[in-house]
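Here come two complexes built around chain A, the first alongside chain B, the second alongside chain C.
Up next, the complex of A and B:
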């Protein structure tokens, strides 16, 4: 089961909400939390036995380590050792289950890895990061985490059941279990430990439902249909004949740019919406990334919860070590930049690429984005540019940035979609092709698919995102504060009234009309 | 060293590291409100602070600060 299946939307979710409210009525915050944990375990079980066993063992080990870290002396050796054990365990499980293609030659590890990857077909990537970063939270914010786990809801007596129940609530919570957003323990604990947890509020339900419907619309009405009409047939052409026409290649490139965004951000909206229905605010994952003004801006707006986790785990430690190294040897210029900034960035983005799976195209994707990030960083910090930029109006700088960044992003997204480098090269070569429709090609596009593509670009390019529309209701936790890029005339604000209800109803109908042909989320496989 | 002295010395280091002479800091200043003080520059700033004060931070300390006041307090505990 996943958030996109009708059985989830029309059976699991409403029954869960009713039981959650009942649990809250009878047992207060703890009763509601118990319902959340039980439902999450049921949701976990629906992913298959292998997944259930692996994630349950991981829960038990992570909880034991978390408690050991909290009890250890702050910042001490023992806590540090427990943290290391936890992170190694989590990453080892992920790597074994996910990269068997690259590990199978290793004696002993190969067969184990292959067995795990067969037993656990669903992704562990997101929950691995969420659980690992919780250990890091416990280590760096020891007292706050201990308090969050143990302090009873106001007016109630402490209970020994609180810490395990709250940890399970956080680590197995079904809305963001499969594809994120990756939340921090310190963000979720205060929310599930509060007195009012377990009481459904009308405003939370309205906001949650709004997010859910917008997400469904993006996923079903835009992303899936764009993929079917514009992207998949063209990749099929290339798989069959090694080429396609220039118009079809260009169409596929453009369409995939919006498809990937609407697919993944649509899912994130749905996850954030479901959590909001029970009053839990998850971190925001997308902030209108397709109109980024550069690669730095892009990563502050695209899959924000992954950006912040990777930079905390990987970039910062690497960069700190490199900067210290450069300081110790009194390195200057490029010799200092290389260990302190350039290498950490390139490694950081290569790992982000690889995180999506064991494919060469992902590695190249990471290398290109890493190099691009280095170039942009150096450009922005160059002394002559700092002087020059003050003489250029902001809107012109931003426009120029977007004109450079967007085509490059479109191209690297295509790399992301291509199963092999050869296919990617074929698509690029087809751009310059003079051929008409190749033999065996699927039918050309109809009028509706053109309208849909134009609509998608209009929404991605001009419309406010759902978090801007819901702004005053604080729909999600913001990890990066980005300036809004929505033109003033389009900056609509959501209100809990009949007009918005009607509009959302229409979006829901359109989404459900397309739902008959559900395709799994693009990100489900990562 | 008093907190004010630490703050004054920090301001000097940060102006130097970020190459901006008109930066003014107080205890509640957030890195995000200072031009050029992004997560990349943060590492450089913190290692600069280590060098200038002759102290050493843990990685987790570098990445978990909330504002300049916390940085001042952290430096004070290390002196």
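Up next, the complex of A and C:
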């Protein structure tokens, strides 16, 4: 079961909310948290026994290590060692379950990895990061973490049950368990430790419902249909026959660009919406990334929680080490930039690519984005550009950036979607193909699919994202502050009034109409 | 008119750009200010909950351990609903079941029952089945309680070895593999029919009946000049390799259909005591000329005459049955029946039968074993087929001179 299942949306969720409110009324914040944990474990169990066992063992070990780190940081030693053990354990579990294809040759580890990947078909990527970041939080902000775990709700007595319950609430919380957004422990703890946790508020339900419906619309009405009509048949054709017509190839490239965004951001909206219904703000994951004016801008808007985690975990330590190395050896110019910036960036993006799975196309995707990031960073920091940019109006700079960035993004997304490099090359070659669709052949895209594709681009290109519309209600935690790229006329603002309710009603009906076939989220396999 | 424009602008400004509720004025403003957000926005969820409850109680596709016993109507389901009902139909008592692709979809179950003298019959054919979905579907169907006969229509889609499935096949597979919480039955028409199941006792909906009767294409091929012209062109200006013997033919054990469908299903049928009649749909012999020249839909053709590749596949099916000693399985080369295939008025297009007397004849062919392949006649089959295909060499469509 995941957030797209009708049984989740129309049965599990309302029952959970009712029990959560009841738990809050009877047992206060602790009662509500208990309901949240129980529901999360039930949700976890629906992913299969292997997933439940693996995540529960991981939960227990992570909690023990987290407490050990806090104790070590406050009065003892070995904090750094505990942190290393925890991160190695989490990453090892992820690597074993996810990269069995590449580990098969290793005696002992190969069979274990294969067994784990069969037993845990569901992704562990997101919860691995979430739990590892919690350990890092405990290490870097041990007092705040300890306080968040232990301090009783205002006016209540401390309880020994609080730390494990709060940690469980954070680490197993079902809305963002499967595909994020990856939250920090320090972001969530104060919210579940507050006195009012467990009390459902109409405004939270309204905001959560809005996010949920917008996410459903993106996922069911746009992303799934785009995939089914435009993308999947073309990739299937190319994988089988090695070619397609130029129109179909172009259609597939364009459609996948928006499909991936609507699929993943739709999930994120739904997850943030469900969490918001119980008064928890999760971090925002997307901020109109398809209007990015460059790769740097893109990664400040796309999968923002992964960007911040990878840069905190990987880029910053690598960059600091590289900078120290350059300083020690008094390196200058390119020799200094290589270890302090360029290599860390390339490694950072290669890991992001690899994180999606053991596939060469992901590695190449990461390398291209890394190289692009380096080039753009250098370009933007060049002195001549800094002088020159003052003379060019901002709108013109943004437009030029988008004109360069968007086609490159479309192409690299197509690479990301391709199962092999050969398929990607075939798709690119098909773009220049002069073959026409045979007479009488049925095209996969009818009038409705064309309308849907145009609508998708219109929404991605012009409409405000849901967080902009809900802006004044602070629907989610912002990791990066990006300037709005929404045209002024389209900068609609949400209010819980009858007109917006009608609009959401219509969006929900459109989504429900497409709901019979449950298509997993694209990111659910990564 | 003039004062209206600023008023409209103000309303849009208030509603779309979200000024605080205290600023709402006028009738629309007052309406917008009513605390109706949650009741309206939650309505779809209430509807969704009701739909879930109905689906969980009735369980029309029989995917859950609970739910009402399947009680399906006879031959009233639209094309895209049939693959959903494979499991439900296989839970009910049936004496005979027909399964195949679009070539067997037009056979009314009543006609099958009357011609073959059975009481409870179902035709569960859906468009474009491929070996990948046909295997699991037939393995499910062969276990139907009370089943005595399974009629399997094998058309050229079953020659595919690429693991492809089409929408209908994927639907059938997803229902067969569904877990209780997967909810493939979460659809408005399904819920409507489920409500009828609760009220009237049968899983059915009046809309489906009208849909079925309205969607039936009743026009014969001979009344479709454009199609006739295409056939005429294929015969009068044929592809050069229409009679070229294929240079290479795939070995029989390379066909996924034989390996993954025929043999396991045949063995299961033998165990269950079910007679399996495989038949090859008769098509106008002009169609084979057209396939040679124009078929762009089927990507699995090899080199040389396509109808000979098809016949080779049919022979492979027969030989696999003999080698595996599947005594319950009979193979009928009904594509040799000139009484059906030589008369274009029997068809609605170049492939699909339309006339019920032709369908009844095909069923009688199967029942009587008139075109049944045997060890004695199997080698003659390609020659007989070639003669029939050649026989239309001088054919011209009416009105084409």
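Heads up, the rule we're going with is that the second predicted complex is superposed on the first by the 515 of 526 C-alpha atoms of A that agree within 3 Å, B and C clash if a C-alpha of one lies under 4 Å from a C-alpha of the other, contacts with A are read in each partner's own complex, and residues count from 1 in each chain.
Definition applied: contacts are C-beta pairs under 8 Å (C-beta built on N, C-alpha and C of every residue); 3 or more make two chains touch, one makes a residue touch a chain.
The structure presented is a predicted model; accordingly, all values stated were derived computationally and were not measured.
**Student:** Have a look at chain B and chain C on chain A after the superposition and call it: clash or fit.
**Tutor:** fit
**Student:** Decide which partner touches more residues of chain A, taking chain B and chain C as the two options.
**Tutor:** Here the partner covering more residues of chain A is C.
**Student:** A:505 in the overlay: touching chain B, chain C, both, or neither? Say first, second, both or neither.
**Tutor:** second
**Student:** With both complexes superposed on chain A, which partner does A:316 reach: first (chain B), second (chain C), both or neither?
**Tutor:** A:316 contacts chain B only, not chain C.
**Student:** So, A:492: does it touch chain B (first), chain C (second), both, or neither?
**Tutor:** The second partner, chain C, only.
**Student:** So in the superposed three-chain picture, is A:141 touching just chain B, just chain C, both, or none of them (first/second/both/neither)?
**Tutor:** So A:141 only meets chain B here.
**Student:** Under the stated touch criterion, which partner chain does A:457 make contact with: chain B (first), chain C (second), both, or neither?
**Tutor:** neither
**Student:** With both complexes overlaid on chain A, does A:324 touch chain B (first), chain C (second), both or neither?
**Tutor:** A:324 sits against chain B, while chain C stays out of touch.
**Student:** Once both complexes sit on top of each other, what is the least C-alpha distance from chain B to chain C, rounded to whole angstrom?
**Tutor:** Nearest C-alpha pair, chain B versus chain C: 28 Å apart.
**Student:** Under the touch definition given earlier, write down the residues of chain A that touch chain B in their complex.
**Tutor:** Going through chain A, the ones touching chain B are 75, 136, 139-141, 296, 311-312, 315-317, 319-320, 323-324, 327, 340-341, 377, 381, 383, 386, 481.
**Student:** Quick check on the complex: what are the chain B residues that touch chain A?
**Tutor:** The contact residues of chain B facing chain A are 19, 32, 36, 38-40, 43-44, 46-47, 50-51, 58-64.
**Student:** Where on chain A is chain C touching in the complex?
**Tutor:** My answer: residues 1, 5-11, 14, 46, 202, 205-206, 209-210, 213, 236, 240-241, 438, 440-441, 472, 491-502, 504-505, 508-509, 512-513, 515-518.
**Student:** Using the touch definition up top, name the residues of chain C that touch chain A in the complex.
**Tutor:** Its residues touching chain A are 15-21, 24, 31-34, 36-45, 47-49, 51-52, 162, 164, 171, 174, 181-188, 190, 294, 296-297, 299.
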